[in-house]
Amino acid sequence: MNQIYHVAVTGNDKWEGTKENPFQTISKAAKIAEVGDRVIVHEGTYREWVKPEHKGYSNTKRIVYEAAKGEKVIIKGSEVVKDWTLIEGTVWKAEVDNTVFGDYNPYAEALDGDWLIYPVDYKLHAGDVYLNGKSLYEAADFEELKNPRMRTNGYAAPWTNHPEPLLHPEDSVYQWMAQVGEKTTVIYANFQDQNPNEECIEINVRKCCFYPEKTGVDYITVRGFEIAQAACPWAPPTADQPGMLGPHWAKGWIIEDNILHDAKCSAISLGKEASTGHNLCTRRHRKPGYQYQMEAVFRAKQIGWDKETIGSHIVRNNIIYDCGQNGIVGHLGCIFSTIENNHIYNIAKKHEYFGYEIAGIKLHAAIDVQIIHNHIHNCSLGTWLDWQAQGTRVSKNLYHANDRDFFIEVTHGPCMVDHNIFASEYSFDNVAEGTAYIHNLCCGTMRKEACLDRATPYHFPHSTDVAGVSLVYSGDDRIYQNIFLGGQTT
Amino acid sequence: MNQIYHVAVTGNDKWEGTKENPFQTISKAAKIAEVGDRVIVHEGTYREWVKPEHKGYSNTKRIVYEAAKGEKVIIKGSEVVKDWTLIEGTVWKAEVDNTVFGDYNPYAEALDGDWLIYPVDYKLHAGDVYLNGKSLYEAADFEELKNPRMRTNGYAAPWTNHPEPLLHPEDSVYQWMAQVGEKTTVIYANFQDQNPNEECIEINVRKCCFYPEKTGVDYITVRGFEIAQAACPWAPPTADQPGMLGPHWAKGWIIEDNILHDAKCSAISLGKEASTGHNLCTRRHRKPGYQYQMEAVFRAKQIGWDKETIGSHIVRNNIIYDCGQNGIVGHLGCIFSTIENNHIYNIAKKHEYFGYEIAGIKLHAAIDVQIIHNHIHNCSLGTWLDWQAQGTRVSKNLYHANDRDFFIEVTHGPCMVDHNIFASEYSFDNVAEGTAYIHNLCCGTMRKEACLDRATPYHFPHSTDVAGVSLVYSGDDRIYQNIFLGGQTT
Amino acid sequence: MNQIYHVAVTGNDKWEGTKENPFQTISKAAKIAEVGDRVIVHEGTYREWVKPEHKGYSNTKRIVYEAAKGEKVIIKGSEVVKDWTLIEGTVWKAEVDNTVFGDYNPYAEALDGDWLIYPVDYKLHAGDVYLNGKSLYEAADFEELKNPRMRTNGYAAPWTNHPEPLLHPEDSVYQWMAQVGEKTTVIYANFQDQNPNEECIEINVRKCCFYPEKTGVDYITVRGFEIAQAACPWAPPTADQPGMLGPHWAKGWIIEDNILHDAKCSAISLGKEASTGHNLCTRRHRKPGYQYQMEAVFRAKQIGWDKETIGSHIVRNNIIYDCGQNGIVGHLGCIFSTIENNHIYNIAKKHEYFGYEIAGIKLHAAIDVQIIHNHIHNCSLGTWLDWQAQGTRVSKNLYHANDRDFFIEVTHGPCMVDHNIFASEYSFDNVAEGTAYIHNLCCGTMRKEACLDRATPYHFPHSTDVAGVSLVYSGDDRIYQNIFLGGQTT
Amino acid sequence: MNQIYHVAVTGNDKWEGTKENPFQTISKAAKIAEVGDRVIVHEGTYREWVKPEHKGYSNTKRIVYEAAKGEKVIIKGSEVVKDWTLIEGTVWKAEVDNTVFGDYNPYAEALDGDWLIYPVDYKLHAGDVYLNGKSLYEAADFEELKNPRMRTNGYAAPWTNHPEPLLHPEDSVYQWMAQVGEKTTVIYANFQDQNPNEECIEINVRKCCFYPEKTGVDYITVRGFEIAQAACPWAPPTADQPGMLGPHWAKGWIIEDNILHDAKCSAISLGKEASTGHNLCTRRHRKPGYQYQMEAVFRAKQIGWDKETIGSHIVRNNIIYDCGQNGIVGHLGCIFSTIENNHIYNIAKKHEYFGYEIAGIKLHAAIDVQIIHNHIHNCSLGTWLDWQAQGTRVSKNLYHANDRDFFIEVTHGPCMVDHNIFASEYSFDNVAEGTAYIHNLCCGTMRKEACLDRATPYHFPHSTDVAGVSLVYSGDDRIYQNIFLGGQTT
């Protein structure tokens, strides 16, 4: 009774989706695939936003989307742009019809929202331009576009008090900017000595690559794809948090064996949906952001945030790199998930913008989440557990060459951080309580602080039900059998 | 602090939305209007799907969308089609670029889903063609299109055992059909003696006219618009239930002083969203439809179906006519609402299709809903309360010239039906228990039955919490002080 | 079908409970009275703890317990003690068999628990001795018993910084103490110049007079009784909170037209039950009391604390006086209740002990509670709204001759305090935010403070669902049209 | 910080409860033992009802009550009665002061309530008389008491259509009856040729032996006791369900290594409390019992019936025999429990009364309950899973010499019944659906039926949330690899 649908670039959406007569788009399959069905995608590049329509019923009754074995399948949030005109120096221009964007024009969408703080003097956008796959920098203005200076240090957390260098400063002179008109959007780019008409130039046009439009699409498997170049927006814990790939407030996804890169913000999102609060602090200025964040927790309870309905995802064996905000992000939606054996690197190393949500993995309310055996390096921050990390285990991960490796914040535990190697110069920020640190190798420095002006929730064990809310007095940690090499004090 | 935004057909979405520099689309205002804001729309026709982005906070802190006082504002789900070619007899053809449809091509979307039963030998579609505002009939095939016979009786409920005549049989020879291609959709229409190039021909292209894309957009007021010609799909209680206008699973809307007509299915929907079940019976054939319907009730509890989160809408002073399925529809989402002083007529009187969900007002789980002082006539069925009508009051309504006036089904009460005039020949179907009928004037016949093979829920008083589930034994009614004229037995 | 049961001192519990053959105890009727039944009690004194066994179903389907019209019915928590022996000076002694106490011997039960702070150097007990109805003082030791000095000021709130005088200092030389043995309890009392063998001496022996032993006994009416002299324990918001009379965690009680006096602690309790926390701070010393109090709120949610299950009581037209802790007390269980037209006086005016829970009316989490048209005087504190007073209205009450009239603490509102007369010298303590004070006459002084080290919950409107937790920044009050006479600054 | 309290028959409740100065009653320890504490009881017989006052916090933070290692500790619900007078033939009489009963006189409490059907012509009582430990039969009247005939078959399920013999018919001529007066209760007993003044005669006087009076007393361990002779009442699923031993609506008890016998009704109860319905069908006659039972499920949800709050008990290594109704009973409260390695026999083999709740193990709503490796024989019915057995596993149990071994009723599964030996002549009643029977040895006959007039709930997987309610169509079973010896058709 269960169906197998095939998709191929040579297919046709009018066909039946069989191996012999495949569909042309994954989206076509995504509209009809039902519980128990399997969608096999064949070699090629698919420039579309796949929005799975139906849900699976249980861990064993799923809908599976996978790349055909041994075939290279790429889903891109970008389109190729040709016909560039040289206008001045090394600056070129191309005009794009606005119909390619639909409702969402990334070049009109400012990177904005709660907890985003830099740059302050001009707005960046969700759009991006890629020269042979490499993301350019957005110029502050036309002046900079024409005469870009190489950037060396980028925007970073103000309290760390040390500059964070760009990973590839030499890339920073490749820049773009855009002018959005009524019918078209004009892209300007400084390609330096490259002729865009002879190279592959892509611009991102879609918010997501594989992300349901509605909530509650449970038990989907996404396996074996390369996914890249989506114009996903800034994804703080007090807003709708879309990523390039993710469940959008559902249960039981398996995301495995994928390669994800060049998300404007977050590659994989296990985060929250919009109705529990969407940038209310930025938009309304009525209460501090953390108050809206706490309210989001209680609103989430009202729309069914619990173990039965949300979370329990598995994210494993993925390679994630070159994203602006996060490899993996998620507030509330991440509960009871396992994040295992992923390789995450080069997150926020362009340092184009900074907000309090940037890390290789950034989770809020990571109740009973397991972060195991990941390799995380060259990120501005390796892993950030913020608020309500309870029952969380961070184990056997390898961190190195990050500006900071690990940050646990305003959370009451219990958490377990064990058998990790923190090899960067700055190991920890500990603004939390109730964590056990066991059998870690810490090569860098640590910071420990209380937080006495902000109360955060704690939960009944293994539950999303709030048991109380408390200030973070700091302390109540257990530190056993670690090796501290002793970093340089900052 | 609160803003007033103006929209005018002469405006520009790049402008600030002031009275002097208005926006051009309501959608632009809908993207930025926040709690406390007011959107005033000026005279003209707006062909767009308005998707309010933000929500109000309470009954007194709303976002208001309204037509400017004394100005005629029309929102249409249709586009004008020109350039018709005569191909044979009175049959013309026009070709429409598929980009006007976006993701949803109504001419490719069959009218389908749970509880829809007629026609059985061919599929109708969500699309529709309008000749000077009048909806045409969809031909079964090209043969019928060329040589349409006048239809006199249409599809109707099988158990009523009497034919239900079309209100305007002479219209039924105006027909259309469509062929959906990869790039374009070709519309064929038999306009009889009319030349479409000299008349106004519109085809519906959008699923909704004013309906949030996401759930949870609370406390919106929609006032004073004429809204017409949306290609909304069949909306049974076990599916996503979009209407031309509605809150899409939210709380506290006020819908007042509008004129709604020519919805392909339902004009106003207070119904449920997709994640609690979307045509699972039709799609999966695993359980009977009523079992999925009961499961939807319990799933809804898991995503927060209760008085605090959902319902409490007010629908008043609207005029609704010429719709295929319902003037007002709603499962689950309608709780604690008031439907007052509306004029509803000509619902399903083309009789193009039949399913068990057709009525002027069709509500499921109408807990504590008040249906007061409405005027409902020339409908195939006036009002249908199905499942879990508890605390429901139907009072002071005037029914006449309907095929049937009122149907209350598989519900345990208590309900109050009082001070109504049921003036049609067939007054009641009572397949329920626990209703008080008081001070009604009943001019027609009645039917009363038990339902012993299907159990339906009842609730704690004034609550969505289920208190139990029971077969419908029939009885336990209170019938006081009614006047029964005694209709002709069917 | 519904029964009327009669109870008379001349009855017999073996009889049928008819008017002609009444029961002898109210307890007998309380064991069998079912929904819809009525228990009429005839003139006389009933020394028993009535524990209603069954519950009513709704506001109109109750179980009613009432004094027969025009007859004086007294329920007492005490027993008469005779056979006193003079042992020294004016000190007498009597020996009481422990079987009269059952499981609960008030002379072995220390007044103790969270938030009780004075006296510190010795323990008082739940027991009490009454000389012709007047409560004696418990001596600190035998020395004091023999040679009591008149007390003038009693224990009071430390922060008020002014002495609170006893209402009747001359009574304070009448004292008792007890020695609890294995089989008997020996009561010693200094009756001054009275001969106890010629007066009426009673000692309290029962914890409650009318209070279900189990939770969930809904919709009981208690009308027209005089109830007195129960040995009820200290009832803080973080413990089981029994009173002399009350519902013990249920819904929909009506308590009206009663006279209540001489409760050792609280006369009427609308408070919480034990499983959400019972003096955990005092017993376990793990967290501060306010943390346990917050946890009690969330635990209560887990056992069904909401509008459907708990609260909505009516307490009206009662006269309450001469109690040690409260006229009316209640944490959590008081939600959606109305306290109207009661006369409350002489609460804690013996000043024998002090804890942070003493007032004529002391409510926590008084969500949507109405306190209307009460007359409250000669209390150490008139009314104290503590934590989560939201939707609370305090209107048209007359306060005078209290040490303080009103205290609103660590709550975020909105609350309405209107049309009250605060005639005492010390009108207000305002350690809260979000209250509207309108049209009050304030004769005394006020105090206003923030509370920045303790976060308390606020709720969704008209709901027990927590919406957030916040520090109390103070402010956001509305003060309109009040008359402030201006008291003397303390 | 945690305390160890000692109890010994030589102790004194005024002492400190140390090993050297132990308490005299377990009840004294039960009043003060806190989380983390341990109560060790030393050799001897304790005639008391232990009501634990405080709760543990988690599986590892418990309060432990245990018999001292190697010492025989017996808790009895009975008292010894002496001074018997011979009044006629072999009938003796003794008079008991009513004060020994407190509020609950078992000789005045009829065995009664929902689902109890036999005997119909007279009422039995909760009381019982024991001659040297052996329970007597209650005579129908004085006539029978004087001239008892030996009973051979007892009351049994009407539909099984075959007589069920008494295990020891010769015992049935030992009989008693009682007359309850105002001050005393007179016990009459026919001891045949025994002289009660020379034997040990006990009568049960307490409802329970170890059972909290209030709900919510979590995480208690009860280990190593012999517990016997409680006057526990009939415990149907629609009433308060006390047993001789049990948690009374709480979470996380461990009951292990105990010997339990001679409960008048149920030895161990994991059942429900009173507020969700107490014999409403018997008392009110408004709806059928199964409707009240379903309502109890939904009411239970309102007071927090879920995995976080209720159930997850472990009952292991106990020996249970000679009880009237059940070895282990439990509706709702039993969820997520494990019942392992118990030896249960001689349940209801006096056959003094019959109701639809009698079995070695009788569970309703046994969601995710494991019944593993028990030895159950000489019961009228071995194990009965009734309503909502979902996620239940019955594995590796040995059944033999039962009137029937196993009954699964009106439940939708999934359940697993595997690796059991059903050695009695009547193996199964299967009035359910959705069970897998795997690798069982079935020596007897089976019966399979549908139930089409009664709908019962099913739940979301591993949850108490109701997912739907359905008639029981029967079928959908999986029967693999069983050995059916083929019993004799009944």
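A, B, C and D label the chains in the order they appear, each numbered from 1.
The rule is short, and it goes like this: a contact is a pair of C-beta atoms (placed from the backbone, for glycine too) under 8 Å apart; a residue touches a chain by one contact, two chains touch by 3 or more.
What you are looking at is a predicted structure, and each value in this text was computed from that prediction instead of being measured.
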Pair with more cross-chain C-beta pairs in contact, given B-C and B-D: B-D
Homomeric contact chain C-chain D: same or different residue positions, threshold half: same
Rounded Å distance, chain B centre to chain D centre (Cα mean): 56
Approximate Å spacing (C-alpha centroids) for the pair chain C, chain D: 40
Multi-chain contact residues (two or more partners), chain D: 302, 308, 460, 465
Of chain A, residues touching chain B in the complex: 12-14, 34-35, 54-55, 99, 102, 182, 213-217, 273-276, 278, 283-284, 302-304, 308-309
Contact set on chain A toward chain C in their complex: 291, 294-295, 298-299, 301-302, 452-453, 455, 457, 460, 465-471
Interface residues, chain B side, partner chain C - complex: 58, 308, 460-461, 463, 465
